[in-house]
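Across the two complexes that follow, chain A remains constant while its partner is chain B and subsequently chain C.
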Partner chain A sequence: MPDPLIFAMHIAYRIGVYGIAALSLNIEYGYTGLSNFGKAAFLMIGAYTAAIAVENGLHPAIALLLSIMVSGVIGVSASLFALKFREDYLAITILAFAEIARLILRNFDDSIRALIRFTTGVESYINVFGGVHGKVVRSFVSIPGDYRLYNIAQLSLVYSLLAASYLFVKLLSDSPYGRILRAIREDELASQTLGKKTWIYKMQAIGLGSALAGLAGALSAQFEGYISPESFQPHLTFAIWMMVILGGVGNNLGSLLGAALVESIEAAALFVKSFLGYLPLDPVNIQWIFVGASIIIVVAFKPKGILEERPIKTPAVEVARHGYTRG
Partner chain B sequence: MAILEVRRLSKSFGGLKAVDSVDLDVEEETITGLIGPNGSGKTTLFNMISGVVPRDSGEIWFEGKRIDGLKPFEIYERGIVRSFQIPRLFWKLMVLDNMLLAVRGFSGESFIGAIFRRWRWTAEEKRLVDKALDILNILGLSDSAFKPAYQLSGGQMKLLEIGRALMADPKLLLLDEPTAGVNPKLAYSIFGKIEDIRRAYGTTFFIIEHRVETLFSHADWVYVMSNGSLIYGGKPSGVISDSRVQKAYLGDIHAT
Partner chain C sequence: MLSLDLPQIFFNSIITGSIFMLAAIGLSLSYSLSRFPNFTHAEYITLGGYLAYLLSEQLGIPLYIAFASSFLGSGFLSLASYIFVFKPLQDRGSPMIYLMVASIGLGLVVRHIIQQVWGASPLTIRVVWPRWTLGSITVTGLYIYLIAVTIATAITLHILLTRTIIGKCIRASSDNVELAFSSGISVSSISRFVWFIGGGLAGLSGFFMVAIANAIPLLGWRLLIPAFAVTILGGVGSFYGALIAAYVIGVAENFSVIGLTALNLPTDLKMMVSFVVIVLVLLVKPEGIFASIGGGSRA
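Right after this comes the complex of A and B.
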């Protein structure tokens, strides 16, 4: 019988991690209107970067920074190709990119070994990404013995980074920069005729989104302790999309709320499975029905999501608005 | 002095010659009109001047420098701002945000600037908000400043496009049918406001318009296009009596 408190902490941790991931998609889709259907790949890149970094004895903080940077840089490079396309093509291109990245990670080690055996005849034991067997990831936090204390330390790590990410995205979205991102979403051509170099903003949005996704991936990997390419299949991308759509597209708090909702539904299914004993069917299979149903209900009654997008709040605009409503 | 010179400018879409070797000049600080039947190539000409559509051949000169082949944002940087026939506003954003988006060289618009120069752009934005509210006041839109753009009426959307363009301090404003779908009274007042703006800022206007009588009472010079070619250029008073213009609009009355 698992410890319910540990179970609850685990769920809380996942809500924190996917809150960061949902915020990152909110920058890309919510504000800039870029349909990034390759989110899972950027979490994967962050996760593997962190895993390899700590494996080679780097400090966890450096591993986190590396994850953010590598994921961000790969995001910008992917966008160089993908952003040439219109919105619908962008979605499918970046989805294909994500699948290619996942298959490369899965087959890289085997292919290199085969190549060395074929060219030199020597049997090698190269092991970079672990292939289908995945990779064990050392935790960033080490408090041996006390599981609860360990979990509390983990939770404070993820929630302080979530708070920092939220503050960062909020500052950015409530600024003239965020205003341009939203203008690109509304009408890219009009933005260009008003002198905005829209492709730079789109690249930056994908870069920022990917960097934050890398952070989420790294945090997730070190907590779960094990990663494999199979953990980053497209349904992870779709789960993050559901968080953003449920919570409210273009609303940062909404993204966090969506993450909490989707993760809670998953947790409820796991809870039923773990604590209620024998059931005629596997509750984990029903969780997607619940997630799907909640999407339909929310979209039917609140098409803009639970929390709607709010006007841009910069200090000068706020001062003018208050003067206006009073006068 | 001509601020805008167009030389032998052509554009084809498949077999259709949308703009066929057009030559025209727009003099500084004038209101220059461009009229012509539907499909005569007026908007395509504007699209080429503003860089939205690449030209096939020909040259465009602005203030003595060639601007054909430049990207839309580069043409904006030279001082040409345009409006669209069907307004292209940022619909979900507030009217005031729409205005602020047209500003040139705003330090808060870069990623680094937005994060690290918060005090600086806040001070800049205070001045810009004042300027935007002044322009909205001239255009009679101050009551809508904090509404989302999609809540405006059709005529107000047209006015907001003009107002947004003015935020960029343009030297040349290309207006594509500023009074389309607007009632005649508001149409007159839009042109009255265009006159006011020219007087106040010395802006040059190049205007596509179907409301010929309204345009003629304000324009200094008029060009007429038909089937991609320029068929008239001169004072508005001479347009009505020009036989080629009559033919383009009414058909050949002597043919039977």
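Right after this comes the complex of A and C.
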């Protein structure tokens, strides 16, 4: 039987990681209205980048930076062609991209080995991504012996990065830049008539969102200690969407609340699995039936989510409304 | 080293293309009538496959009854998801992104119910099919069955779409929903009909996938990306476009398998064909390459 305190810490850690992931989707969908249905791929890119970086002896901080950069750059380059598409085409393309990325990671090592054998006839033992067997990821924090202290260190790491991400997204969304993103969401054509090159903003939103998703992926990988392509199924993308929509579209606190709620459902399923033993129903199935059904209910009856988007309180808005700033 | 057995490749392409066609027609038609890509469509395919397993393997009922039940079961699931989930959401004015999210959610519900009932491990139907060898290619009764069903479906849909009132209504609604509505066509009853037939055909593709290979909960999800490729290459809502696109992608996929095998690469990578098709078509001609086939009108 697992230690209940460790179990609670594990859930708290996941809430922190998925809080960052939900914030990243909130930039893309919540503020800019972009249907990124391939979030899992960007978490996966971050996770694998961090894994390979620490494996090659790089400092964890550099590994995190690399994850953010690689994921962001891939996000921007994927968006270069995908952003001209309508929202439904964008959704289909990014979803297909995520599936293909997973497929490539799963088959990369075998393919490279086969190609080397094919061209040079030499047997090689290249092992970059680990294929279906996945990769063991070394933890960023090492406190030997004391497992509880180790967990506290991990929690402080993720929550300080969550706080930084929250502050970043909050300042971004309240700034004039954030208002342009919202304008694109509300009416792209109108924003273009005001002289805004909307595709550049959309590209930046995907880039920032992917970079943050890469950070979440790296943090998750080093904590779980093991990643495989199967950890990044479309279920993960869907869970992040659920967090943003349930918590409140275009509300950063809402994204965090959504992450806490969705991860609590996951925790309940894990709890049932680890502490209650045999059940006639598989808790994982129950979890996804529940999550899938609840998003339909949320979309139908509370489409704005629990915490609704609020008007921005900045001097500029007040000047526009009253002609002066109070105080 | 690279030996091209063209008759065999051609035959395999017909098999793949036929399954893609059955899987994609409903997706394409419901996409244009209801104006959102329905990701639950994958689960109509999966359910059809598992119903085939349930009836023919678990209950020992003759295969043609299992065949009919795959069609009806998936058709009714599709109809129910339209009536009870997507239509009410559209009536509430949900944006397209919400409809897509809801369709993924509904898909998860259906997939995990299936996984709860039948488990996650692959299940096979043990039926011995007669076999013939024609030159270098081997043909089984199952393949003949699949090709016959596909031809019958294509001819029936062609007659339905061109010769009957309901078919003309479907084409009109697919072309322009508002215009069809203002001309007195009951778009919602047309939609219900299309969702039922489309779901049923997806169920048939699941039936054949399970008969050829095996039943897994991800059966439909694996066919969904090729089905989207067919939909987009053929033009959303175009029946004749989908018909041609299915076989084009079938041929492309089978040639990619030959290439991958020759290079000793994993054949799983054949899925990239569909992805490349989706991206290229959307970049070059988003309305679909074959959309104008069939007298210029979409159907």
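Please note the rule applied: the second predicted complex is superposed on the first by the 307 of 327 C-alpha atoms of A that agree within 3 Å, B and C clash if a C-alpha of one lies under 4 Å from a C-alpha of the other, contacts with A are read in each partner's own complex, and residues count from 1 in each chain.
Here is the rule we use: contacts are C-beta pairs under 8 Å (C-beta built on N, C-alpha and C of every residue); 3 or more make two chains touch, one makes a residue touch a chain.
As the structure is a prediction and not an experimental result, all values here were calculated from the model.
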Which of chain B and chain C A:80 touches, first, second, both or neither: neither
Touched partner set for A:192, first chain B, second chain C, both or neither: first
Chain B versus chain C as contact partner of A:303, first or second or both or neither: second
Which superposed partner A:291 touches (first chain B, second chain C, both, neither): second
More chain A residues in contact - chain B or chain C: C
Partner chain(s) touched by A:319 [first = chain B, second = chain C, both, neither]: first
Which superposed partner A:62 touches (first chain B, second chain C, both, neither): neither
A:311 touches, of chain B and chain C: first, second, both or neither? first
Touching partner for A:136 - first (chain B), second (chain C), both, neither: neither
Residue numbers on chain A that touch chain B, as the complex places them: 168, 171-172, 175-180, 182-183, 186-187, 189-197, 204, 309, 311-312, 314-317, 319-321, 324
Chain C-facing residues of chain A, complex: 29, 33, 35, 37, 81-82, 84-89, 91-93, 96-97, 99-100, 103-104, 106-107, 110-111, 114-115, 117-118, 234-235, 238, 241-242, 245, 281-282, 284-286, 288-289, 291-296, 299-300, 303
Touch list for chain B against partner chain A, complex: 50-52, 71-73, 75-77, 81-82, 84, 88-94, 96-97, 100-102, 104, 106, 108-111, 113-115, 118, 121-122, 125-126, 128-129, 133, 145-146, 148, 164, 168
Residues of chain C that touch chain A when the two form their complex: 36-37, 85, 88-89, 92, 94, 96-98, 100-102, 104-109, 111-113, 115-116, 221, 225, 228, 232, 263-266, 268-269, 271-272, 274-275, 278-279, 282-283, 286
